[in-house]
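Once you scroll down, you'll see the structures, which are given as structure tokens.
Next come two complexes, and both contain chain A; in the first it sits with chain B, in the second with chain C.
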Partner chain A sequence: MGRSATTKDAHALFHSLRSAYAATPNNLKIIDLYILFAVATAVIQVAYMAIVGSFPFNSFLSGVLSCVGTAVLAVSLRIQVNKDNKEFKDLPPERAFADFVLCNLVLHLVIINFLG
Partner chain B sequence: MAAQETSQSATFRHAFGNVLSFAVLLLIGVMAFSIRLFSVIKYESVIHEFDPYFNYRVTQFLTKSGVYDFWNWFDDRTWYPLGRVIGGTVYPGLTLTAGTLWWILNSINIPLSVETVCVFTAPVFSAFASWATYLLTKEIKGAGAGLTAAALLAMVPSYISRSVAGSYDNEAVAIFALIFTFYLYIKTLNTGSLFYATLNAIAYFYMVCSWGGYTFIINLIPMHVLLCIVTGRYSPRLYIAYAPLVVLGTLLAALVPVVGFNAVMTSEHFASFLVFIIIHVVALVYYIKGILTPQMFKVAVTLVVSVGMVLCVAVLAVLIALVASSPTKGWSGRSLSLLDPTYASKYIPIIASVSEHQPPTWPSYFMDINVLAFLVPAGIIACFLPLSDASSFAVLYIVTSVYFSGVMVRLMLVLAPAACIMSGIALSEAFDVFTRSIKFHLVGTTQNPQDNAGDATKVTQNDVKSEKSEDTVKERSSRKSKKDKENIEKPSLVSRVEKRLLVLPLETSVMAVFLLVLLGAFYVVHCVWAAAEAYSAPSIVLTSRSHDGLHVFDDFREAYAWLSHNTEVDDKVASWWDYGYQTTAMANRTVIVDNNTWNNTHIATVGTAMSSPEKAAWDIFNSLDVKYVLVVFGGLVGYPSDDINKFLWMVRIGGGVFPHIKEPDYLRDGQYRIDSQATPTMLNSLMYKLSYFRFVETDGRGYDRVRNTEIGKKHFKLTHFEEVFTTHHWMVRIYKLKSPRNRIRGKTKRSKSSLQKSGTSPSSKRSTRKRNPWQ
Partner chain C sequence: MARDLGILVIVVLVLAATCQSAVVSPVSESHRSAALELFSPAHGSYGSLEETYEALKTFKVLGIEKKHAIRTSSCASVADTLKSTSSALKDFFDALRVNSILKCELNSEAVRGTQSRLKDSLNGASSLIDFYYSIGGLVLLKEQMSEVDVNLGDADRIFRSIKALGQSDGRWRLSSNNPESSNNAAGIALEALAGVISLATPQIDNSWITTLKNDILKLFDGIERYDDGTYYFDEKHVGARGHQSPLSSSASVVRGIAAVAAATSETLNLPGEKIMGLAKFFLGVGVPGSAQDLYHQIDALSYLENIRESTPLILSLPATVISVTKKDQLKVRVSTLLGSPAPTLSVRLMQIFVSGSKDASVIDQELKFDAVSGMHVLETLPKNIDVGSYIFSFEVIFHNPEHKKTYVSGGRTRVLVHITGVIKIDNAEIVILDGDRGSVENQKKLKLPGDNAVALSANHLQKLRLSFDMSTPFGNAFKPHQAFLKLRHESGVDHIFLVGNSGKKFEIILDFLGLVEKFFYLPGRYNIQLTVGDADMENSFLQPLGFVELDLPDAPEKATRPPPQAVDPYSRYGPKAEITHIFRAPEKRPAKELSLTFLGLVLVPFFGFLAGLVQLGANLKNFPKSTVPSTFAILFHLGIAAVLALYTLFWLKLDLFTTLKALGFLGMFLMFVGHKTLSHLASTSSKLKSV
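And now, the complex of A and B:
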């Protein structure tokens, strides 16, 4: 009894999540796709490191942290651009994107320097 | 009409307030710079103490050879024969800053020498630090508190002690970097702008370059984020303030060679990664909560909690196993001694022996932060009314810094900005209440709510309402003097909506304002006294006043100058590690150990040599290619920080590595003595002999003015060392190792006779020879 209730709940939850997510605007969905891509790249790099070994460590670190960094920055951009967020309603999305680009520039400058 | 007038007067007031704050800030900067110049006026423009000499030498190298050679520099003039990789073991922030300043000044044709730039770097950066404090406190409470905090920081003795003109050490720029990084963090938290997050990461990078104390930042900020999450103050701004900082900050920290991979591998950084994971989990939860209906969310929670718990426990178990497998749980020795104050004294005597690493005494709190010690609790309470993200950060900062300052005297320096911020807030709030009471009583009504956008005070008791606009304009012009304390109330986050008027009687308020100003006056007097008398001694030049005027003891520089003029360039000088930096910088000779103390065994070797009898010490020093030995002796003039007073530490450190040196051998009944009751081991040790050689010739009895006794062994000769130089006041004594004799008298006769007698092997010949070959 409990088992079927939980599975029913799980199904219901899954459906409501899906329907709620389908309602998000397209620009946010694009950003979400980008985040997914970055995280997937990071996972691939970690798997590669597990197979091959971690030398040179600085390259591994800069590769993984660049993926994680772009994911984090993309999440920040999504937060700022999301129209449901009342705290950021005064922030024009162009300014948010400009900040995103600047932060990415700094991040990738550091990455290239550290890549060795 | 009235609205236009009030808006015009509001802009006029704002403009006037801005100009006034700018002028006040400029004066605060000038004061911060000038109060640190006492040592330059009383002595001369010289670099102080020990560590600054190393930084000065590194800066000289940087300005002479350029950045690339500096980055790859391997120093062979110290830690002979090991050398030291300067590029990988020094925090480059300070030297790069001073080098850049020198280069900029020289390129615009202001030819200041490197020494001048180094001496004055600290006062310049303390002016910057007080401006950074203004910015930080403005974000927390408002401009009035900011100005007060900046004024307090410019003068606080604890900060002055490490940033006088001449104290060219890491803290000179690191405290500015610390406050500036905190300011940018709070600014990002308040505005949620990614631009400030980027600036925050860059400021954190500057802090990592400058000082090992950056671990305080990378642990305090995660603690604050965790506090905000736990108290229900999570917001998207918190995510933007924290997550980019962790990623960018870790990368930037790994760029600095000193930190390198420690940025991801040592326990000091694990807190930031843990909170990074936690904040992502929390952000996800809030996101899902936002897009689901409440019932569905409850379902999701029950499902996820059961699954997630299992996962969490598993991950945690792996982490704990990893961390527990290393003996120090992944922490470095210095950080561990902060968490467990008794750790260093049990396991690492070198860390325990540094005087700056001892816990402070209670009076030192009053000496170092003076009046602020009373104002800090009031500031903590003011931060709770109302509590915002920024003010919770300030409370966390003061609490942690008070704990750490209680562990190590050196960390009183980190307490100083926190104490100034809290006191600035307290003083500003107090002045607010009192001046508002005075205005209320003198004007007969409260301020026009339109004029003061910041606080909306409602009148509940007062019926008398005069013409508001004219009165407010009149009282503005007549209350200008009070305005610098009750400044522009910008629509800060602190919106005080008080339903009941907080007003005190007129006489109380006037008395209270007067008393607060008096308190400030006491603080200023104490700070100036502390700066002039207590913290301005360069410790390389000593002075004393007696009935026949001022005596100047310049023995250290005399000794180093003698060394640099009278010895070969490649000669090695052995001394206790305190004097290593000064010897390489001023005498330009290779030393065996210096203040970096990175190799405990090497220091223990020198310590053992100083504690051994002459022959054993000669052997040890000869194996290290040492030519000269330098000891500091204060017995003639009463200088208490000499090598005889430090001798027990040499014994302890040496005994930690070489077990034949036992501390009880040097103590008589547990007491350390050098008089006739001293133990024979003590009287035969090299340190005793080198300090007191020919000392009896000074006054006939050999009375040691520091230990206040006559010395034990008065007339003795040195067999393996010869004295080459003693400075004017006998404070520095330099000895040369005697080279072994070319020919040993009587050896050939003895060997022939013993051969004829028994034809024994050479080993027995050596055992029969009892004559000292060095005499």
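And now, the complex of A and C:
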């Protein structure tokens, strides 16, 4: 009984989340998709490392941190672009995007250097 | 009385023992062949007349007939010199000397001219050399052209002028303003004075001859000698005529003395011992290496040979090594300096000294004269003479008592003679003895000298004994100079032991217990080698005998290491062994297929991202349409693509500095373009909002 209640609640929660998510603006959904893509790439790299071992370690770190870093930057972009966020009301989204691009470029420079 | 005589005998013996004398040989074929080699004319002539004279005189004394080859050129040179008015005094002298041997045909006009030139020079002469050349020239002229009158009127003045240059010690100065005196100048002066005597008109003052005799004796007082009885004249200073060697100085003095002896019929009373010493000096040179030295030697020997009152006789031995085994006989030759036979005499062997010790025995045995070979032969060696080195003392006894006055034999002549022989070695054996009891473990007989290859083994408690007997052909005991036993380890370390003897028996016992430390505790095979040798032993040998396997105890901690053996230089400086480097094993890389699979897997999220974008309805509607903003927008995207391409290049081959430089430029560009694009987008969206 308890179990079925829990699963029912989980299903209900899931559905409500899905419907709420559908209301988010498209640009935010694009950013979310991008974040998902980055994290998925990171997970695949970790799985690879788990299979073959961590040599060369620097390359592994570089790859994983690239994905993680770009995901983090995308998260901060989403925060800044989100119209519901009162804190960044005066910040134009173009500016936030420019920061995102710049930070990504710097991140990838460091990543490429560390890749070896 | 008898006691005094005994002491005298001992003193004489001691004196005889202390003075050594050298054995010299008279002039022989080696001198003749050297003369032919040294005096070989270049292009048919000898260069100067002086050299021509030296060559001709040497050949004449040695009896070599070689004059014909150079006669024509030399005679022409002589004639030219005598005719020419520009010839120097020395040239006249040399030309006349050459002519005295060659006896060329001379123009009487030239001869008269020469004579007047020489007389003029003599009158104006002041230095010794001028006197010598002019007087010498006149003497030669008188000998060759008997019709020419060259007698001196003022001989007295000339004699005194030359004498004035003489010193009180018998030497002469070359001129009055040259303070250095020399023996060489003395010889020249004596020749010149003798020439004056022979040229002077028949009134010869006898006091001159006495003065000359005294001068010669004074000169002999300054003679130098070696310990073996050789006398010679040497110079203390380098004279005006350059450095004179003892050979040339002594030859010059001998010429002077011979000239004086020839000029007078009186006896000069020359000290016989010193004449003999001079003869030994000249013969002791051997065969000189230069032409001028050979000339001086042969010239002086010819004059010494012909001295009337003390002709030296040389006692020589053609062979000083006598083999008892081959039954050689000791032969002695007595001859004059130039090798001519001596008058009838006999040679007696007076004493024999053992070389290196004070033993001496008086023999007094006469040697038999063999007329065929001209040698005196000692037919049998004295009884107590065995293999070894001895000094034989000979004496010459003249048959005719008159000869004793005219010949000088040099008293007792001592000669070092080696008596050699084959030494018999018997009863040679090598034994391993067991411990203190001395019982024989392993005994092997050896054949010495001969091939032996014994194989022994011993441990450190045992002893090795090698023994053999040595005896001379006469059966006496013989102690050789060298009797060594050498043990050589296989690693190259040597140990050498002396083999001692008592009488005829030679024995060595190696006690390994005491030698263990000396052998550096090295066990293993030791090769045995025996060396027995002596200068008078004809069958000296150095032979391997075999080997002995030694079992030694282990070395204690503080034992000395054996000395390092010499390294073969080719192995030390040659190439070394190849080094194989051991690298860290490379990391195990994953299989290629796995990697490629994951490469594909990693790209899957990207495609998923694109698919998601399409599903979400992402579009490019907001892309600027008008020219300028669209250009900037395109450039912006291109700029980002360029930066990413730069990163790829950086990963592939660029370094950080180049990348940063390029990135700086691209960044500037991108900033500018991006700013333009984004500000345009911002302005359009704000316009939309306001509208």
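Heads up, the rule we're going with is that the second predicted complex is superposed on the first by the 116 of 116 C-alpha atoms of A that agree within 3 Å, B and C clash if a C-alpha of one lies under 4 Å from a C-alpha of the other, contacts with A are read in each partner's own complex, and residues count from 1 in each chain.
In this text, a residue touches a chain if its C-beta (ideal position, glycine included) is under 8 Å from a C-beta of that chain, and two chains touch if they have at least 3 such contacts.
All of these numbers come straight from a predicted model, not from anything done at the bench.
**Q** In the superposed arrangement, does A:Asn113 touch chain B (first), chain C (second), both or neither?
**A** both
**Q** Have a look and say if chain B or chain C is in touch with more residues of chain A.
**A** Of chain B and chain C, B contacts more residues of chain A.
**Q** In the superposed arrangement, which partner chain does A:Ala40 touch: chain B (first), chain C (second), both, or neither?
**A** second
**Q** With the two complexes superposed on chain A, say which partner A:Lys29 touches: chain B (first), chain C (second), both, or neither.
**A** second
**Q** May I ask you to decide whether A:Ile51 touches chain B, chain C, both, or neither, giving the answer as first, second, both or neither?
**A** A:Ile51: touches chain C, not chain B.
**Q** Does the superposition put A:His11 against chain B (first), chain C (second), both, or neither?
**A** neither
**Q** In the superposed arrangement, what residues of chain A touch both chain B and chain C?
**A** 113.
**Q** Which of the residues in chain A come into contact with chain B in the complex?
**A** Those in contact with chain B are residues 6, 9-10, 12-13, 16-17, 20-21, 23-24, 57-58, 61-62, 65, 68-69, 72-73, 75-77, 79-80, 84-85, 87-88, 91, 96, 99-100, 102-103, 106-107, 110-111, 113-114.
**Q** Using the touch rule from the top, collect the residues of chain C that touch chain A in their complex.
**A** Interface residues on chain C, with respect to chain A: 587-590, 594-595, 598, 601-602, 604-606, 608-609, 612-613, 616-618, 640, 643-644, 647-648, 650-651, 656, 659, 663, 667, 674-675, 678-679, 681-682, 685.
**Q** So in the complex, which bits of chain A are touching chain C?
**A** Residues 26, 29-30, 33-34, 36-38, 40-41, 44-45, 47-48, 51-53, 55, 92, 94-95, 97-98, 101, 105, 108-109, 112-113, 115.
**Q** So in the complex, which bits of chain B are touching chain A?
**A** 192-195, 197-198, 201-202, 235-237, 239-240, 243-244, 247-248, 250-252, 254-255, 261, 264, 283, 288, 290-293, 296, 299-300, 302-303
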